[in-house]
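Each structure below is given as structure tokens.
Two complexes are shown next, each including subunit A; its partner changes from subunit B in the first to subunit C in the second.
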Partner chain A sequence: MKSDTFWRYATLAPAVILFVLLTILPLFNLLALSFHDVEWLNREAVWEWVGGRNYAKLPEDTLFNAGILNTIIFAVLAVAFQMVLGFWLALMTTRVTRLRVFYRAVFILPILVPGIIIGAIWKLMYSYDFGVINQAVVLFGGNPVDWLGNPRLALMSVIIVDVWHWTPFCFLLMLASLESLPQDIFEAAEIDGASKGQVLRYIILPLMMPAIIVTFIFRMILAFKVFDEIYLLTGGGPGTSTEVISFTIYRRFFTEDQSGYGSAMSLATIAVIATMIILASRFATKKGPDA
Partner chain B sequence: MATVELKGVSKRFGAVEVIHSVDLSIREGEFLVLVGPSGCGKSTLLRMISGLETISSGDLFIGGKRVNDVPARDRGISMVFQSYALYPHMTSAQNMSFALKLAGKSPDEQAERIKPAAGVLGLGDYLDRFPRELSGGQRQRVAMGRAIVREPEVFLFDEPLSNLDAKLRVRMRAELKELHQKLKTTTVYVTHDQIEAMTLADRIVVLRDGVIEQVGAPLELYDNPANRFVGSFLGSPAMNFFELSIPDGTPDRARFADGDSLQLPRELGGRSSVTVGVRPESLELVSEAGDGTISAEVAVIEPTGSETELFLRKGKDQIIASFRDRIDVRPGEIVHLEANPAKYHLFDTTTELAI
Partner chain C sequence: MIEHSRTGPVLRHAVLIGFALIVLFPFVWIVMASFKTQIALLMGQWRFAPTLFSYDSVINGKTSDFVTNFKNSSIIAIASTTIVLSVATLAAFSLYRLQWADWVLRVLLAWSVIFHMVPPITLAGAWYTMFRSVGLDNTYAGIILAHTTINLPMALWMMGVFIRDVPKELVEAAQIDGARTPKVLRYVVIPIVRPGLAATGILCFIFSWNEFPVALTLSQRATATVPLGIGKYAQENTIAYTEMAAASTLSIIPAFILLIVAQRFIVRGLTSGAVK
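== the complex of A and B ==
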């Protein structure tokens, strides 16, 4: 029994060590960094202890505030649309038997394209002068719209791109969940007298809730980290209208070389994301039938 | 309670017809069992009655009303599925009251309606449990409870006991029968298990390849099978069949290839061959070969406690005989069997119909 326990830990150790080295240590390093200012003297990093000053500065940083606010708006709206669209597409395609593989392949395509290329494609499509979207607008008698240059529209335009990019991800997870539901209960519901709407409300949605929550958490985490699309489409502008938090961190940390302050900002962001995940999983365990 | 009537009902999947013009009349309050081997169309027929499957041609009447185009929920039926099909995210009580909730009944009324059903099925202590917290037998009861609560005109059961272990199946079978005696609701019950069919049914319908082979009371079918298939399907162990020749000049005798011959219960003039069916329990062991005995070699002996089953070989034929008494024989031994000619079932060798 004793050697059994020993081997259990011994075989687990390499994975634990790797995990600590790659995940926990950098996080601690980040935490330590966030309480310091780093200066470069004679090609050496000099850490100066500043206590909680980096954190205290955060609420007054207009770029950080705009970044957090925009990121929350971006994440909530984009993920909401992706979830609803993905769920709807899954509902529609699960009943399709003809050309099933074709439909699915088409829906999944956007997820295969790298974000940076998606940014490039959509930048061309959104172009004020020759973008295909404005061409369509003009064709239908409208005036060209500055999709990415208008502060009121820019964030929405970026959200549309993200919805296009990530809806297939939600679709895939929802479809997998939907197709794993037992089919006989739908027949039982039919005999019990449930309409299609009632089947959706009382059977499909409650049973899919764990999958919905997991998809939601995944997508929220990824949406909070959005960078490449926005970097290429708007660069955070015009003004701060599409400034997202990963962009702000990038600026502060690397462009302005404020690694201590950037670290504090990163940890604050992690705290926000973690809070959202904890809340969502609490909700999941409360509502999910088999969670 | 309602009658169910099928008139020329057929089912086609594409070009393949799986149910061929079935005519069947189910009486009010009757317990009718559809039985047949896998793929015979019994479940399809049940699903057509339920409304889960469309009817390709013919007419279906429930309570005298044509319901071909009536959706499942409006046919006044309840169905118990082989897999129980309980809603996994609902408690037993919620499962049972779901139909009532959909029908807009108040929570009080729902609780009121499930109470007697839960009482009948002994589910009182399990109402707040989810299906995953219940045993197979309890799930089965919840599924039945869900069917009862709707107070249907007709109960439909699709192999409801086949997922239970043997012991529980016997108990649930008895409970089902008792339930039917209490509620007296018209019931259509599908099974491939001929013992379930024999024990539960008022009448049995034997199906093969989408065609009704015979309809009748269990013992009527057992004692007078209309053809070789029905004879072979009902009864366990299954009926023995011997394809025998009728020598010229002795129309009341049938002969095995090895020379043994049987006295037939009546003369079969004009025939040169006959298939004789003998139930395993009709055979008796005799100590010596004689007129009308069958000699065979013992292959396997299976004592079940209450009975002893002998598997014997006679030329190419295999014979099964079962005895209430314990018998002392050994594999390889030649034994002699005899049956009362009145217990023989005679079938035409070609058409397989009873003669």
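== the complex of A and C ==
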């Protein structure tokens, strides 16, 4: 098979080249940028060495701090609600066979629609003056609520959109896992007189743990990337109440044209996320065997 | 029977239908809004005389870029999907069937996992700077390359899953018969993984079509994609609400068509590769 050595390399090369050119090289590019201030004169980049000044600015940047904090609040709350709701709905509805294709199509739809359009739809529905949500509030005798304009409500309103967006997906994964559990265990538990709560606690939850963890990780990764919906719904405001980290980076790097500082922020964010991945995988392997 | 599903079938369907209605309601509402006049929308009317005015101004309006956006999105999504499918299939075949050392497989997969977890916006700045210095800023090529890279980890895992289903013996038999890699791929592997290619391709297409932050940073008016066009509505001082609704409705159509004609591929993709 010696003649195939060429093809061995040729088949793997494109992927390796893409990764090197567009993921590894940019990291070094960011590293270099982060120690400079960059100005664009015509098409020429003028780099000025500033040492660690960009990094030193980070801890005092209120936008950056708000971005980190809000991203964590958003991710934790939204994913927790989606998982619990999805799991509960799956428990309620296992073994439905009729209309299966229809239900599945409906529940997949939200994740196929561009996030920005989800944002557009909900921006209209949340509208203070004519949104359908305030119509309902008024119909039930309440006063119109400024869902996106009130700093104390805005983050919650954004989380509600995300819960609507992703609960169907969590539900589908939970349902698939629940339906693949061996049935004889449940019969045995029933014969032994186990209560519903006991079956849930000692049989369903442990058996579903791998699926729960996978869904959780998948959702957390996406939640930390949140950008589109917030860009359209609130633009990070009012104030910094819905500022998330991707948005802060976008703002600093592109809107304000601070390439060097934006790069430092990008790398700091990557470092934070990498640390969390390492901690989470340590935790998972520690918990793994008995979970 | 699972204990917890002892709830009667009627209740189960009631829960599911209620859930489905909550999921569908915003879509129905936005479609309705797109057929309203601005006044009917602002008045919150439920009974209204439908008008195509918003669609007309989105598609034919002088200041509307929607048709261009649609064309740009199609070009970018189709090109990046084609490239990422080719690259990922070749790489997955190489990794799982051409006797690479274990560490090569591990390093590549680990790197793709890490890259997948990092928000793309963190790299967008570097992409922008790099593309700009080689003249790829505000070109299709730049965004296509970026979308290809963003989708590569997922495509690699998914095609990995499907290629591992190709029996080793089949590949080896073809190699013993003297078939070289291009022939093995063409006549043995591709025919077997074709459903997997469809599943992976559809997801890559949708993710490229939907992608917003990177397209936002790498393109200007001439190369702007559909999500950017929608985003622009919200940035204006007086938002043209009904036009935003009409443009949103039009933008959902590709996803909707794929969902109807290719649901089984999407399900297969979501359950086999994207999540595993």
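As a working rule, the second predicted complex is superposed on the first by the 266 of 291 C-alpha atoms of A that agree within 3 Å, B and C clash if a C-alpha of one lies under 4 Å from a C-alpha of the other, contacts with A are read in each partner's own complex, and residues count from 1 in each chain.
Quick note on the criterion: contacts are C-beta pairs under 8 Å (C-beta built on N, C-alpha and C of every residue); 3 or more make two chains touch, one makes a residue touch a chain.
What you see is a predicted model, and the numbers here were worked out from it, not measured in a lab.
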Handout entry: Clash or fit, subunit B versus subunit C on superposed subunit A
Key = fit
Practice task
Report the partner of subunit A that touches more of its residues: subunit B or subunit C.
Solution key: C
Practice task
Please indicate which partner A:F74 is in contact with in the superposed arrangement: first for subunit B, second for subunit C, both, or neither.
Solution key: neither
Exercise for the section: Examine A:V101 and indicate which partner it touches, taking first as subunit B and second as subunit C; both and neither are also allowed. Expected result: second
Problem - Contacts of A:L12 with subunit B and subunit C, given as first, second, both or neither - result: second
Exercise for the section: May I ask you to decide whether A:F35 touches subunit B, subunit C, both, or neither, giving the answer as first, second, both or neither? Expected result: neither
Exercise for the section: Report for A:E190: first if it touches subunit B alone, second if subunit C alone, otherwise both or neither. Expected result: both
Problem - Partner chain(s) touched by A:L25 [first = subunit B, second = subunit C, both, neither] - result: second
Practice task
Determine how wide the angle is at the CA centre of subunit A between the CA centres of subunit C and subunit B, giving a multiple of 10 degrees.
Solution key: 80
Exercise for the section: Please work out whether A:F227 is in contact with subunit B alone, subunit C alone, both, or neither, and reply first, second, both or neither. Expected result: second
Practice task
For A:W147, decide between first (touching subunit B), second (touching subunit C), both and neither.
Solution key: neither
Completion exercise
The superposition places the nearest Cα atoms of subunit B and subunit C at a distance, in Å, of 9
Completion exercise
subunit A residues where the subunit B and subunit C footprints coincide 189-190
Exercise for the section: Using the touch rule from the top, collect the residues of subunit A that touch subunit C in their complex. Expected result: 1, 3-4, 7-8, 10-12, 14-16, 18-19, 22-23, 25-27, 29-30, 33, 38, 40, 43, 45, 89, 91-96, 98-99, 101-110, 112-117, 119-125, 127, 129-130, 132, 135, 164, 168-169, 171-173, 176, 178, 181, 183, 186, 189-190, 196, 199-200, 204, 214-215, 218, 221, 224-225, 227-228, 231-232, 235, 245-246, 249-250, 253-254, 259, 262-263, 266-267, 269-270, 273-274, 277
Problem - Residue ranges of subunit C in contact with subunit A within the complex - result: 1-5, 7, 9, 11-13, 15-16, 19-20, 22-24, 26-27, 29-30, 33, 41-44, 86-88, 90-91, 93-95, 98-100, 104, 108, 111-112, 114-130, 132-133, 145-146, 148-149, 152, 156, 175, 180-182, 206, 209-210, 212-213, 216-217, 226-227, 230-231, 233-234, 241, 244-245, 248, 251-252, 255-256, 258-260, 263, 266-267, 270-271, 274-276
Exercise for the section: Would you tell me which residues of subunit B are touching subunit A in their complex? Expected result: 50-52, 71-74, 77-79, 81, 83, 85-89, 98-99, 102-103, 130, 132, 146, 150
Problem - In the complex with subunit B, residue positions of subunit A that touch it - result: 182, 184-185, 187-194, 198, 202-203, 206-207, 289-290
